[in-house]
Amino acid sequence: MKNWGFKISRPRAIDFDTADLAEYSKLVEKVPSAKRCLMCGACTATCSAGNHTDFNFRHSHLMYRRGQFEGLAEELDKCMLCGKCKMVCPRGVNTRAIIYNMRIFLNDMNYKNIES
Amino acid sequence: MIIGGGPAGLEAAYNIAINGYKVTILEKDNEIGGNIKKWVKLFPDFGDAAEIRKAFADKVNKGNIEIQTGVEISELYSENEKWFAKNGNNVIYSADAALLATGFEAFDARRKEELGYGIYDNVITSVDFEEMYKTGKILTAQGTVPKRIAFLNCVGSRDEKVGNHYCSRVCCINAVKQATEFKELVPDAEAYCFYMDMRMAGQFYEELYRKSQEKYNVNYIRGRISEAAATFDKRIQIKSEDTLTGLPMKMTVDILVLMVGIESSASTTELSRQNGINGEYGFAKSLGLYISDNLTKKAGLFLAGSCKRPLTLPETVADSRAASVQILNYLKLN
Amino acid sequence: MNYHPFIIPFSAGAIFLFAVVIYKFVKWFRNLDRKQMYFVNKNIFSFKTIEAIGETFREALIHRNIYKKNPLLGYMHMSLAFGWFLLIAVGKTESSFYAGTFFEEPWLAIFFKYFAKEQHSYFMAAEFSFIMDLLLLIVLSGVALALFKRVRSNFLGMKKATKHSKFDRIALASLWWIFPLRLLAESTTAAVAGNGNFLTGTVGNWLSGLPVEAIELPMWWAYSFSLCAFFVSLPFSRYMHIPTEVALIFLRKWGATAGEQYSGMTDLQLNSCSRCGICIDSCQLNFAADINHVQSVYFIRDTRYKKLTDEVANNCLMCGRCVEACPVGLELTVIRQQLRNKAEIPGKHYFEYNKAEESKNKTDVIYFAGCMTHLTPSIIISMKKIFNEAGERFWFMDEDKGLCCGRPMRQQGFVQQSKDLISKNMRLIASSGAKMMVTSCPICYKSFTEEYVLDIPVMHHTEYIKMLMDKKRINVKKSDLNMVYHDPCELGRGSGIFEQPRDVLRQTGNLRVSEFEKENALCCGGSLSNTVIELDTQIKIRNHALEVLTESKPDVLATACPLCKKSFVHGNKAKVMDIAEIVADCLNLQSEKNEKKSVNKKESIEFI
Amino acid sequence: MTETKKHFWNEYQKEIAEDNFFYERSCIRQSFFPGSETIFLKILTDDLGKNIIDDPNQHTCTGIGYHSDVVPFDTTMTVVGRLFSLMKDSGVRNYVPSCVTSFGVFTEVVETWKHFPEELEKTRDNLRKATGREFDIPENIAHPSDIIYKYRKELKEKMKYQLVNRHTGKPLKVVEHIGCHYGKIFSKHAVGGAEFPQVLAGMIEEWGGEVVDYPERRHCCGFGFRQYLVMANRGYSVANTKKKFESMKPYKPDFIVANCPGCAMFMDRWQYTIAEMEGITYDDNKMGIPVLTYEEMAGMLLGYNPWDLGLQIHQVQVEQLLDKIGIEYNPDDKFIGKSGKYLGEPEKPENLVVDYGK
């Protein structure tokens, strides 16, 4: 192979036709209230971890919903599961359970990746 | 004399007639009912539009209400404290007072060329959706059952490019309603709603919105579709920003529904212009917003309903009743 | 030799049972962790072993704990367990007398009536005959009660009966058959031989119309087979609790407890559950939210049979009410914690926060509000007021929203990550030079006291306030408010702090009593431990608790946990206040007095 | 085409002069597509009998420098002024820049002068001071593709071939690509506007082909001066091209036609890059999709020798297309230069299949 000095960039856009949207359905089965999320960001505003890092639960949740898993596990690592987010959610979304389950599912996906 | 046989016109006719005055309704269509004719179910309670239309028709089925359909008024003017309306064939109708209830028209989506309405068969408007919903099926132009549908809010509203800065107020909730209806018909399909803001300010709107998410799994994406194009298999590829992830996005849908906004009807624009009561965006202008919202600067000319601004059906009916009182007072005092 | 082929099923079953039980015990004992082994080795030859024997009698045979909770249920268990034990013990004695040696055939005692058909004169033969009939009657009464319980569980005060597994049903059916069959077998033999006491004799008389010679042997075969079926199914059914519970009693007496990791002790506890279902009745998910498939009994069963689902593992408030209720004394929440452990999820990127890990503030007392307390700022304001009033030099450690204490992570099984947080916080605490730590959150409190290694005392603010009041460092005036106190799970059952908050409240108002108090207190539903239930379920639990707590229509519902406060406030049924707030409101402010004094001084100066 | 579609592009019509043009050559086309400009002049003079001036004193319009942020706008205006002064000297008043970017620059400069007359005066001053020359604003500025579009019917009558597959008798599927600077700066200066540009589509449809309306039709080819010029950004440039190819692939286009030097060149050469980097091509036989300029397309159909049109210089080989249409060519002449000397054969890529016809 020649050295081209550059690589073809990957599109930044989320492609809903190829994104893995099924994972989110699995999550929603575990946490049905996730569907109610309005993306208001109250969770992110109160977040204890967000006070120390750039952790943004709302964003992570949405990225998961969109099937964009790259780097998400590391992102979720910043959460301390303190549960404040759940207390402030105006739509009664079990945010803490969403994080917890995302963590588990992401870990499962990771294992799948390693196996394949 | 009431120009317009929609909800506003009919409600006013009933209220004025019951007080012993003779009322003439001049309706440009061949049937009364106005824009409700196009609808199947109404938000937010999925009320039956046909039933409500019938209820209106029954109300005006009275001795001293004369209904003239198929009459499009091209001129409205007053002489010696009497009001005259002339149609295209120069037939003149006259009365002591006139009520402008000429309502709204849906935005012509072809003006948003980039969204492909009229260009790609699978781009339809919310009005087309209702038309299709009347058949009990929502199908693509190819006759297949859609697997993915997208609704786009604010088509023709809140859009500097088409000159409409205002919010049409009904499209958000209508999108919620139609997405819910679609999911009831095709539960396995994906439904996406693209919005700039979800404006759920009416009673039960928020609840319906919530239910559409929770029960019907309708997805809401904050972002405005800026481009639509047909794919090889006649589906529609749309592009938007998923503003809440901060990333651009694209998806292919089977049907794209454009939630067209409310615009002033041609009659509203023309008749209010003739009488110098033309307001913003072609709507008619009332004397004052708070206590004289049904009056105009011309004595004996009144306004009711969405010829003034985008209104929901209950608001239109309430406004029409208010107009009736103003007209009755006027008739009594003159 | 007293032999007949019908003893073979019994003997084979018994041999199988002993083999399996021994195999399992060996495996479990070998799997004890180091700490548990240490206690076993230390205490095995001590007085504790004798105590354990006593407790075995009390609990495994007489079931004192169940008795205390529910006498009828206690009697049922006692009649079965102790009755059967005595049947064996007395029967063995009788057969030994009969044979004249202690080393007669091992099965002789079991089938004694068949082999000792003729009238014999051995020591106290008539008395034995009576006692054995009496014991059989007692056992049969227990069986009858058990049968009745199956049909109508609330007759015995049980709201929910446990759903059983396949082995359970085999074992249960054979258990129910053993004693009626024994009665029938002994009675037919009595009819054939023309003997028997008040029970077997009477039943024998009733049966004498039948061809008793023909049905005698089949009866003894059936009896033997029912014993065999019971023995074979026992190790795989809930009846494994019979031998295991004894072992557990000994281990516990020696000082072993379930640790952080799954161990042989866990296996012993899993197998010691008799699936009585008392935990179902105590569980708020059951009685307030109608969820009745996730309780400890199912959790233990599913774990034992290795079919634990995420839902069962995670759908628990960890309030500890079932631990209080469990007649076997299983460490249910600890075991659940073990099973939630997610060691497989790596924690290397965790909490790389750029916050200083050393305190610049040297202080006497650290105040750690806790994450949740930041959502109830009036608690923080009240605590500051109290600290100031007491003249305490304190450092508000998480004023700028600090790191979490680590317990919420731990409860979800992220132990490694939790430890990471703990070590960061410990460094911070140590660097402050404080002599004491006060926290407003019971979750943090439990974490600090149990999971942290600190060389300074940690107090929940209820304890701290009580101490300040005792030492007269703050003075309160009693209000005329009627108050009911809600025990937060982690503070009450979790940490045993019941009296301090009540003392404080008695000095600041009129403390009323509610139906569920102290060990029996309800959870507010806001527990972080449950990641399965959604808000609607939490609301059901909360509303039920709120209903109970506000029955006496108190002016104030007092609590000592930000989470409980938030839950109850959202319920909007009563004024909810944290103890700190109540105390802060009732303070006789020293500073005000000083102000008044100084004002007086000024006036006097003017006078002069 | 639906009625609405017609309705839309009809709103965007532009005036195109009929005769007497001043031609301005492109900086880069003569090396990328060496036959194109020559053939355009030939078509205009020989086939259409028009007067077009090809002034040897012409120079760059600064487009590349301007769009790469190295040439200030004042300089650009002055340079444009000089080009206009050359036109003034020649006596014609209709300006025809070969390059789409030049077209964009000229329309932008003229539009600026219209709104800011003081800029025009300043430019006149600057040019006078620097060169002593005077200039007039052209009466009409049209891109050569506009002129070909205008005379597409006349040209059709002279054409030997049609855009029809001679094996199947079906119209060829053609992807048309308009340079961004043609219609996206001022859509009113583009035939059919920016959404449904008609300039190339009109030629294709007139000459028997079928336009492929694929989703990414309006997307940039990826040229985007700043992007390809800097190596660090080049991955982004290819990514855009790739996006277009992925979108057009299901339609199985027979060839691509563009009216912009950069577009034609990038869509041709990046196919090679993508094939060599990732092993992907967007046709079925790994040969790539041929890319033509509109002059090449017209010249080809008029019956000019493909090798005189410079088609052998393309990366994606065009023989497959010539065979489909039935155009006669001599494979042996492919690499024979104008002087009659054998020029040698280019090196073959690893993944992209090329067939030099021998």
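Labels A, B, C and D are assigned to the chains in the order they are written; within every chain, residues are numbered from 1.
Assume contacts are C-beta pairs under 8 Å (C-beta built on N, C-alpha and C of every residue); 3 or more make two chains touch, one makes a residue touch a chain.
Note that the structure is a prediction, hence the values are computed from the model and not measured.
Colleague: Name the chain whose C-alpha centroid is farthest from the C-alpha centroid of subunit C.
Modeller: D
Colleague: Taking the mean of each chain's Cα atoms, which chain ends up nearest the overall Cα mean?
Modeller: Closest chain centre to the overall C-alpha centroid: A.
Colleague: Give the chain pair, either A-C or A-D, that is connected by more C-beta contacts.
Modeller: A-C
Colleague: Nearest whole angstrom, what separates the Cα centre of subunit B from the Cα centre of subunit C?
Modeller: Chain centroid spacing, subunit B to subunit C, equals 65 Å.
Colleague: Could you state the distance in Å from the CA-based centre of subunit A to that of subunit D?
Modeller: Chain centres of subunit A and subunit D, defined by C-alpha means, are spaced 46 Å apart.
Colleague: How big is the gap, in whole Å, between where the Cα atoms of subunit A centre and where those of subunit C centre?
Modeller: Centres of subunit A and subunit C (C-alpha means) sit 37 Å apart.
Colleague: Please tell me the distance, in whole Å, between the geometric centres of subunit C and subunit D computed from their C-alpha atoms.
Modeller: Result: the chain centres lie 83 Å from each other.
Colleague: Please list, in label order, each pair of chains that touches.
Modeller: The list of touching pairs comes to A-B, A-C, A-D, B-D.
Colleague: Spell out the part of subunit A that touches subunit B in their complex, as residue ranges.
Modeller: Result: residues 12-17, 21, 32-33, 35-36, 39, 58-59, 62-63, 66, 68, 91 of subunit A touch subunit B.
Colleague: Report the residues of subunit B in contact with subunit A in the complex, numbered from low to high.
Modeller: 190, 210, 213-214, 217, 222, 239, 242, 244-252
Colleague: For subunit A, which residues count as touching subunit D in their complex?
Modeller: 1-2, 4-11
Colleague: List the residues on subunit B that touch subunit D in their complex, please.
Modeller: 110, 113-114, 117-119, 227, 229-233, 237
Colleague: With touch defined as at the start, can you tell me which subunit D residues reach subunit A in the complex?
Modeller: Spelled out, the residues of subunit D in touch with subunit A are 231-232, 234-236, 238-239, 242-243, 273-274, 276-278.
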